[in-house]
């Protein structure tokens, strides 16, 4: 069997070598130990010896060529072989394509990283669990204790360095816990959008009272303490989004008829102290539509769906900062049984009470469906977060005068967009579309709401 | 608990003599161990008891006699090599670090090294910078060796007896400052297993972890802090390799605070290793990061007042505890 | 050449007869020739394997010094410990290690004598009483004293008899410059430890000739004498001479239970290690030594003595080539050590990540074959 001579590794760091001089020729006999070539390495010129006896059958790499270690450079024919025949069998690409250096397993073992005696922690970010923006300093055990005892870290002031919340801060809070935690229980359900008590668009712009434009208003870094109620609202919102499979279905409603009817009714009933808002109509419309679509008045209960007997429509009311901010949902019970004026009166009453004294637990509980309305802010459309345990919420935009198509003709009309957010476990898309169809019928033929 | 009270040095001697009676392969060699009765009188009387073939005076050739002892251990003898001070072991660093702990591995399991190196470790006697080494900071890093460091006389006997019987090389770090300490020591066979720490003083507010002489500094600090209403749990680790991390972790989970007290310099020390492990195991149980108290990061000074400040003394330990607990 | 009179030659330069020179039997001579041929072929293939990147790290070749390992080993008993430095393949094979374990060790395989965890410099063989294979220059000398100490302790203190063993502790001339060596000699002398420090004096510590690195280079046994060790200077290129001389050294040391120091003049034909281009010595010098190959020396002496002919020699050489080739195949087939081996043999005891200890195949095979 022929023997292939490869570029030898003549020093432990050598990667390539150049044949400076061949000491043998093709056809020449060699004995084991003979120096067949002088090779230049990274460090010095070294001699290459043959380890076997035979005849040089072929020189594959010429003098002056640099090749990687392991590249075939010559062939030796052993005793009894025909050197000439080896020509044809010469390995391909001997010179032109340097062979990849054979990695021997006996190479120094890659330094395996020693398994650590202790599992490494690798907790990078010190961010709070609620994922809020501001950084909170909390010792690990304080964090754990707070979680175990249901203490909201944001409600604590840390006594450690840099305001770090430490164990004793949490333990102190646990002792005095009660009001903070209790107040957020029960049916207080968070909703993402405010609903104003009045209908006048200009009135309820709650945002910036007396916002005067300063020159280059500087932002100050502050921390805002968050009330227990707000904490709870936040928690419920996260829960809703995280556990309910939300999807949205949107429809546009032609509002001309409703706006006309509303104006007409308000004119006639102004002497009786009645001032109907667009939302009052929507509340009644939604409530009446439940009769045909009971699943919209239902709640997911794990292994079954609870279809409620009463239709209690929740309306979202935004609270001023003095009351703790955030939203509450006031529940108008049996809305399907109440007239427009009753709905209107109740809505107003609840909104005022929410702002002044605050609503009772009872007033905030038991809604089966929720409506939120950003129309007075000029919002086109938006989506809302379902208010558990409801299965749907209707987000209403503004009624906007805009170009419409009627009878194949361009006209001007009032249109409103409303988007339903739905719990897909209870209501599927077709059901939602049908409900909206019913609702559309009510809203676009508002006389039906009077009956 | 035994009625009998003896000195730390006597306890060491008892371990050696009992094991030498039990096993003829055990022998003791070192400078002045035989005719001088031991530079620190640890081996007093052993020459008479066992004769010069087994209690062997060596010349001042740490590298030579440590290497020779290792060679004999490869053939199954069980030498006890006494370094007059662990500071002198630096001269023998090659055999004790390159041969003893690695022989089993290098030979693929064929030749072990059942040897014990023992001697005085630590500072405190104004011995100056070259005679005050705490070699746990240097040598605990090396896999293949075991390291024991008793703080009380009963452990001196128990740990040394275990070390002599152990088939792996053991570095036994004693303290010259503790040799005269008296304590209850069981008579007869007494073995303290490696890798088993002990709680010297139970407590609820903070876990103090230490080894060797500094355990006493911790106990002193704990007494002081108790007057301030702080309850310290003091753990005597006993062996650095293997380390009983479980006892430490269990304690920190209860107290939520940890201070490690290590007489070696802080950089790359047993103290830093324990702190890292506690952080890993007890991340969610800590009210503060693990504090460490070490000897000052300077060569050991000679002057008495400087040396006392250099050591991880009770005052500095108490300061660390208060800091850990956010107490002024 | 060596400064010692060549005992293989008569005063007029002719060769002395075998019968004159040695009491070794033809079987013994044959065995020595076989061992040297084995070592030679093994080392040649080791070089080749290294250049083929099958062996990594440091690799020190014994070619030229075969007579030392073979002759010294023959002069002591199997139960006598032997320890050497890192140019250890020859000693391992002469002691009886089958070349497959030696090659597998260098290939980093589990079948290696140290389970692949030692490498070329760490040949250990418990069944054959070979205690390494050590990398740090001179570090094996206190170990050698310790081995001899232990054997004597066993014989006298535990068994209550008299010392029956000697230990051969090989070192290079470079180790003469290490402090540990002096301490070892001093201790051995003080404690009457029967260790024979055999200096394989090949005249070079890597690239430094002995004249440049060692005082009293022309009479290194003075250093041993300074510690009370008997000193011997021996011609190291002829295995018969090595054997005859070392036999006396060993018998004396054993009987007296005293250490000794031997200056064995030899020559390594190759570089210090595989990375050494040997620029520090001349080609003439190398050729001069290489013309006096220990293998051809014995072969020619056996030819003269009618104990061997050319055909037999060729057959013997071919047989060793085959053994080495098979050993290489065996080593190639041996798997890499499993990852668990990282954590074995750190401690005897199992704890933490450490998995206790286990014997390599060279020991378990020997136990099975016993």
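To keep things simple, chains are lettered A, B and C as they appear, and every chain counts its residues starting from 1.
We take it that a contact is a pair of C-beta atoms (placed from the backbone, for glycine too) under 8 Å apart; a residue touches a chain by one contact, two chains touch by 3 or more.
Small disclaimer: the values here were computed from a predicted structure and weren't measured.
Novice: Measuring between Cα centroids, which chain is at the maximum distance from subunit A?
Specialist: C
Novice: Taking each chain's centre as the average of its Cα atoms, which is closest to the average over all protein Cα atoms shown?
Specialist: Here the chain at the core of the arrangement is B.
Novice: Take the average of all CA coordinates in subunit A, do the same for subunit B, and state the distance between these two points in whole angstrom.
Specialist: The answer is 54 Å.
Novice: Using CA atom averages as chain centres, what separation in Å is found between subunit B and subunit C?
Specialist: The mean C-alpha positions of subunit B and subunit C differ by 41 Å.
Novice: Please report how many Å separate the Cα centroid of subunit A from that of subunit C, as a whole number.
Specialist: About 71 Å separates the centre of subunit A from that of subunit C.
Novice: Note the residues in subunit C that touch 2 or more other chains, in rising order.
Specialist: If we look for residues of subunit C contacting two or more partner chains, we find 352.
Novice: Identify all positions of subunit A at which a residue touches two or more other chains, and write them in rising order.
Specialist: Within subunit A, residues 117 contact more than one other chain.
Novice: Could you list which residues of subunit B touch at least two other chains?
Specialist: Not one residue of subunit B touches more than one other chain, so the list is empty.
Novice: Spell out the part of subunit A that touches subunit C in their complex, as residue ranges.
Specialist: 6, 8-12, 32-33, 43-46, 51, 69-70, 101-109, 112, 114-115, 117
Novice: Considering the complex alone, what residue numbers of subunit A touch subunit B?
Specialist: Per the stated touch rule, the residues are 116-121, 123, 139-144, 159-161, 166-168.
Novice: For the complex, which residues does subunit B have touching subunit C?
Specialist: Contact set of subunit B toward subunit C: 24-25, 27, 53-54, 56, 58-59, 61, 63-77, 94-95, 98-99, 104-112, 114, 143-144, 146, 166-168, 195, 242.
Novice: Any idea which subunit C residues touch subunit B in the complex?
Specialist: It is residues 81, 83, 112-118, 122, 124-126, 131-134, 136, 139, 141-147, 149-151, 153-154, 156-158, 179-180, 182-184, 186-187, 190-191, 344-349, 351-352, 357-360, 362-363 of subunit C that touch subunit B.
Novice: Sort out for me which residues of subunit B touch subunit A in the complex.
Specialist: 243, 245, 256, 276-277, 279-281, 283-288, 326
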